[in-house]
Amino acid sequence: MSGSTIGRLFKVTTWGESHGAAVGAVIDGCPAGLMLNETDIQKFLDRRKPGQNEFTTMRNEDDKIQIMSGIFDGITTGTPISLIVYNKDHHSADYSNIANCYRPGHADYTYDEKYGFRDYRGGGRSSGRETIGRVAAGAVAIKLLDQLGISFCTYTRSIGEYIIDYNNFDKDEIYKNALYMPDKVCAEKSSAYLKDIISDLDSIGSSVECIVSGMPTGIGEPVFDKLDALLAKAVMSIGAVKAVEIGDGISVSQACGSENNDSFIIDNGEVKKETNHSGGILGGISDGSDIILRASFKPTPSIYKEQKTITNDKEETVLSIKGRHDPIIAPRAAVVVESMCAITILDLLLQNATSTVDKLKNIYK
Amino acid sequence: MSGSTIGRLFKVTTWGESHGAAVGAVIDGCPAGLMLNETDIQKFLDRRKPGQNEFTTMRNEDDKIQIMSGIFDGITTGTPISLIVYNKDHHSADYSNIANCYRPGHADYTYDEKYGFRDYRGGGRSSGRETIGRVAAGAVAIKLLDQLGISFCTYTRSIGEYIIDYNNFDKDEIYKNALYMPDKVCAEKSSAYLKDIISDLDSIGSSVECIVSGMPTGIGEPVFDKLDALLAKAVMSIGAVKAVEIGDGISVSQACGSENNDSFIIDNGEVKKETNHSGGILGGISDGSDIILRASFKPTPSIYKEQKTITNDKEETVLSIKGRHDPIIAPRAAVVVESMCAITILDLLLQNATSTVDKLKNIYK
Amino acid sequence: MSGSTIGRLFKVTTWGESHGAAVGAVIDGCPAGLMLNETDIQKFLDRRKPGQNEFTTMRNEDDKIQIMSGIFDGITTGTPISLIVYNKDHHSADYSNIANCYRPGHADYTYDEKYGFRDYRGGGRSSGRETIGRVAAGAVAIKLLDQLGISFCTYTRSIGEYIIDYNNFDKDEIYKNALYMPDKVCAEKSSAYLKDIISDLDSIGSSVECIVSGMPTGIGEPVFDKLDALLAKAVMSIGAVKAVEIGDGISVSQACGSENNDSFIIDNGEVKKETNHSGGILGGISDGSDIILRASFKPTPSIYKEQKTITNDKEETVLSIKGRHDPIIAPRAAVVVESMCAITILDLLLQNATSTVDKLKNIYK
Amino acid sequence: MSGSTIGRLFKVTTWGESHGAAVGAVIDGCPAGLMLNETDIQKFLDRRKPGQNEFTTMRNEDDKIQIMSGIFDGITTGTPISLIVYNKDHHSADYSNIANCYRPGHADYTYDEKYGFRDYRGGGRSSGRETIGRVAAGAVAIKLLDQLGISFCTYTRSIGEYIIDYNNFDKDEIYKNALYMPDKVCAEKSSAYLKDIISDLDSIGSSVECIVSGMPTGIGEPVFDKLDALLAKAVMSIGAVKAVEIGDGISVSQACGSENNDSFIIDNGEVKKETNHSGGILGGISDGSDIILRASFKPTPSIYKEQKTITNDKEETVLSIKGRHDPIIAPRAAVVVESMCAITILDLLLQNATSTVDKLKNIYK
């Protein structure tokens, strides 16, 4: 029952339900001396905020972050950073119909089985609002990583069968369309397609890709805490993710070794790889090239179409879900994927700080 | 540098290098009262043993397990179970050529970058022999889970483009062919194909599927220690795995909600699902249906074809790897996937034991 | 930098500084189904509240607890319980004199050395207010343990040379005197003595004793997570504690084995011990008799007498501390000791729930 | 059931029973690049070896250490270091009398209560031999700390009422007498006294003191993982320890603030303290002065005198313990205390490596 903390040195604990008083996170282990204020965090929260456009739920939340501790004179002190977002718009909905039955594709049934009962208001802890704490903590990690030259590029890679064309890849486009896609053409086609999905009272699956640039080598702890293993855990822990791929991902299962191996070369005296099928990780340790990670999201389980299901009393029934729901998860989830990757990488970066006796002597000389 | 332990209550720590004196594992947290002997473990180790057939390395190791502690009168005492396999055949190989250069697709470069130098003999800690400890510990977890009615079926799902036909699925076939495939026809085609790969001095990718039956509901700890998140970590931590999928996996990214949602039904008074796209997990918690997990393995990075690479002194060179290597990873890795899933599930099963006050009162009444 | 979380299954994370917006705690891993409201927690916070009487600082805080998550319909849901106390009276003090110099006996110097700078307002994170989170979480643990028949009796055992006379021990007296002493006579003598200490502009040391009754046997995890080891950690982590004793404590160093060994006897068919020198713990595991723990507190480091010290710029200076401070720590710290013991015992109680295969089968049958 | 691992970055897992095949430890997280061989470890094991002299059990063990992994070309590789000591002389004893009854002061009863049965041979896991793994791992930590200028001085401080006279303190004397006392006179008196204890068929309590010199400032993680808190846990986890004191320890409970506060001064431009009542720790963080720790050991519970106890079948009986046992614990336990302090300090030293953003930038610049 205590799975709400992630990380060993950069430790993030999240708390809060969809319809409780607030949601939040506590970051323990952020190094002292980082300039940090609410704005640094708010801009990331705004990327996952509801009510952004026609494809996101109309729940009216401004999701304003408050920093409650760990900062003095605008700088992190090394003590826990407590972050809170108060829930505003959480009295509107009527949950009488989901209180008594199990929504297909949701965690209603499993929470009841595990805990004996559940907070059914908006999914309680299993609501998408749980990710606010992840993003708030991720924003802090991303700001710190940025000072070490590590940057993130995260976007919607596909919506249903519409996959971005890497020849059209335009990083600036990501924040210009409602779907956070780096391909203007694909974004337009996807938008049209989404409107059909909505009019069909249905939802559709999607995927997110995250590229991490500027990685130092040596990050990741063999054998169980490999960089790719912990990235997989962090990203798979996001609701609705059903697959995580590193580098070439599942396509490696059909590749030959002679194709898949990345040759090492010397480029202007620097070690480089001719290709990056490995997605920047060898033996669970960063090799200095870009980290490439993909996450596949299932379609939003809340749909308007009538669905067969059962009641809490174990009787079959038919359910049609009310209220407004995103028809797709990826666009608002991209920043969550980015946050989870950042939290994981920073934690492993801290752990790697004492990998050799020489490093240790430099610190304590 | 301390990533060699996995689990919170059922804790497994592995140690050992390919060419050290031995490899081993320590299990801490195995409940007392489990009948256990070397044979229980040996039969799992034999599934990953080298030299089984024409598709596995000829390294001559019998990999005999020894239990060093934690057992009294043939029963686990609740204290740490120390397991050791001595390395036998570890003086044959000549590593002069890999001592001074970085093998593409291997961890040679990243270990040097992280630790300043490496044990280059057979890959040291990054060798496939590291998985012996995983399998030895997994065998203990599997035996305990079996007493709770939880069983595993793990097999090679694909080799290159040859994917099993589920209409031909025959569980008994798995142990009848050298590739551990549940489809006789596919196994034969794959064998022929593998011989071509070998004659091409190349290697090929593959995938493994693991089905867990008899799962109780309620297993998995929201939000970061979800069952699927920890399975993803455990399986992605196996060398050469580049993707982990749960249930429908990446195909959910193209599915509609109305297809992907599994309807709950009542079957003979029991809660069931009409379908199992979710792979037995909802909201990170087991829903009682089969757990379905897939892992994609990259092709064996050690190939005989000449490859471009660099030396430790950062000079470009050409490498051709000597010795005998498996042209494919899945068959011997299937039992490793099964072991990692079992270790993860048992650990979460223990954690779930006190999810409610009522359970706690029953234990301490 | 991430030492603000304690526990493995019942996990408590505290946050907050003396003069930040608030202090708080997040409990992750509280079993579902515990009736819990603010009043349950408030009564424990009131035992450590400032401004109670002539011997406590006049800082004017009502320390009202707010539960932000983890409760639905008045019952714990199994999800994280977030607890907050807003700081009210935190603008009064003038810290100009301690901002630039290191108070003897305080953490000013060590925080600067560790983090490069510090939040000097009221000691920041090293303030006594940090214990609010401990007590809030402890109150939850104590309520749950009470339902299992485990109860606590914690009191001031000594103030300076005034030690309670166990012949006068009166449990009801504890809450009748300002010093939380179970001996009326000793409390009166101590009060008179304390007034002298105050008029001397000085402070004095003290000790707290905690008795835990109703313990089940078998609690504690050999070898490093023994019950006494984790109690020692939990209690020594309270500011100003310099010694922790279990049972006969330091006096065992002068005892003979024939005196110190507790003989087992059968009393009305129940296993009992003739004596309890061991303080209820054998081999790090509870033996069913009362747990006895003592903590020695140093005198309050903040005194009015002039003291030699140095400035941040490493120049010698003389400091006289302003403001009102408790002349003694034990009375308000007793509830903190009780809280830390409860958190530790509950966590180990949860861990012990699966110590045998038979227990596990009972849970999952 | 998984308390056999200690540490977060420098992780030590011990295993083994008194009469199993072997005892051992796995160190995970030792930085790469430390020269290490068996001799470095053996000299520490020899300090706790049985059969050293007339005051130690005659069990005939040479306790030869073997390094099984983690070393290449005589240098640590950063991978787990597996250490094993085979049990030699473990068939001699006759345990028929303790198999069926509970020895007072031992863990026989509590292990049965926790695990349902126990390995009664020589106490199984609760035997003193369990400390071999602690000392083997401690030796590695001490060697690494030595390279950072941190050194340990650990000795028997008292035996019964015989306490060393600090005016006679002679560090060289520690290894000259069988009792590891730094005071020749006290050692002689104690020896004579011990012979009386032995002829009385009894045992006696004792205490150990450990001084750590050369500590950097800033070591220790507020609030629960304070240096003193983790030292208390580590040392209290040693069998027979019933009290842990830091600095002035329990005597602070009778001291005034004006006496107990250590004034900061400048000595040759360096920050120093006029006194060291705090034992080198302020607010749970090292202040740069010597760490001073004391542990009180109860008398050996195994005595020859007849004792009242009960059988496994809960019937009262009388027990007289056979075989040879140490009449006192401190002398052989001193190196165990030193080892636990070293393991704890090294782990916190590694954690402190990234306490500030500036440190992090230096590492990854």
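Before moving on, here are some points about what is shown:
Which chain is which? They are A, B, C and D, in the order written, and residues in each are numbered from 1.
We take it that a residue touches a chain if its C-beta (ideal position, glycine included) is under 8 Å from a C-beta of that chain, and two chains touch if they have at least 3 such contacts.
Note that the structure is a prediction, hence the values are computed from the model and not measured.
Centroid distances built from C-alpha atoms place C farthest away from subunit B.
Across A-D and B-D, it is B-D that has more C-beta pairs touching. Per-chain Cα centroids separate subunit C from subunit D by 26 Å.
If you average the CA atoms of subunit A and of subunit D, the two centres end up 45 Å from each other. Measuring from the averaged C-alpha position of subunit B to that of subunit D gives a distance of 38 Å. Among the residues of subunit D, those in touch with two or more other chains are 1-5, 8-9, 14, 31-33, 78-79, 114-116, 125, 222, 351, 354-356, 358. Against subunit B, the residues of subunit D that register as touching in their complex are 1-5, 7-11, 13-17, 20-24, 26, 28-33, 66, 68-70, 72, 75, 77-82, 84, 114-119, 121, 124-125. Partner subunit D is touched in their complex by these residues of subunit C: 1-6, 14, 102, 104-107, 109-111, 113-116, 125-126, 130, 158, 160-161, 197, 200, 202-207, 217-218, 220-226, 228-237, 239, 241-258, 260-266, 269, 271, 274, 277-279, 282-288, 296-303, 305, 307-310, 314-316, 351-352, 354-356, 358.
Against subunit B, in their complex, subunit C makes its touches with residues 8-9, 31-34, 76, 78-79, 144, 147-148, 216, 222, 349-351, 353-364.
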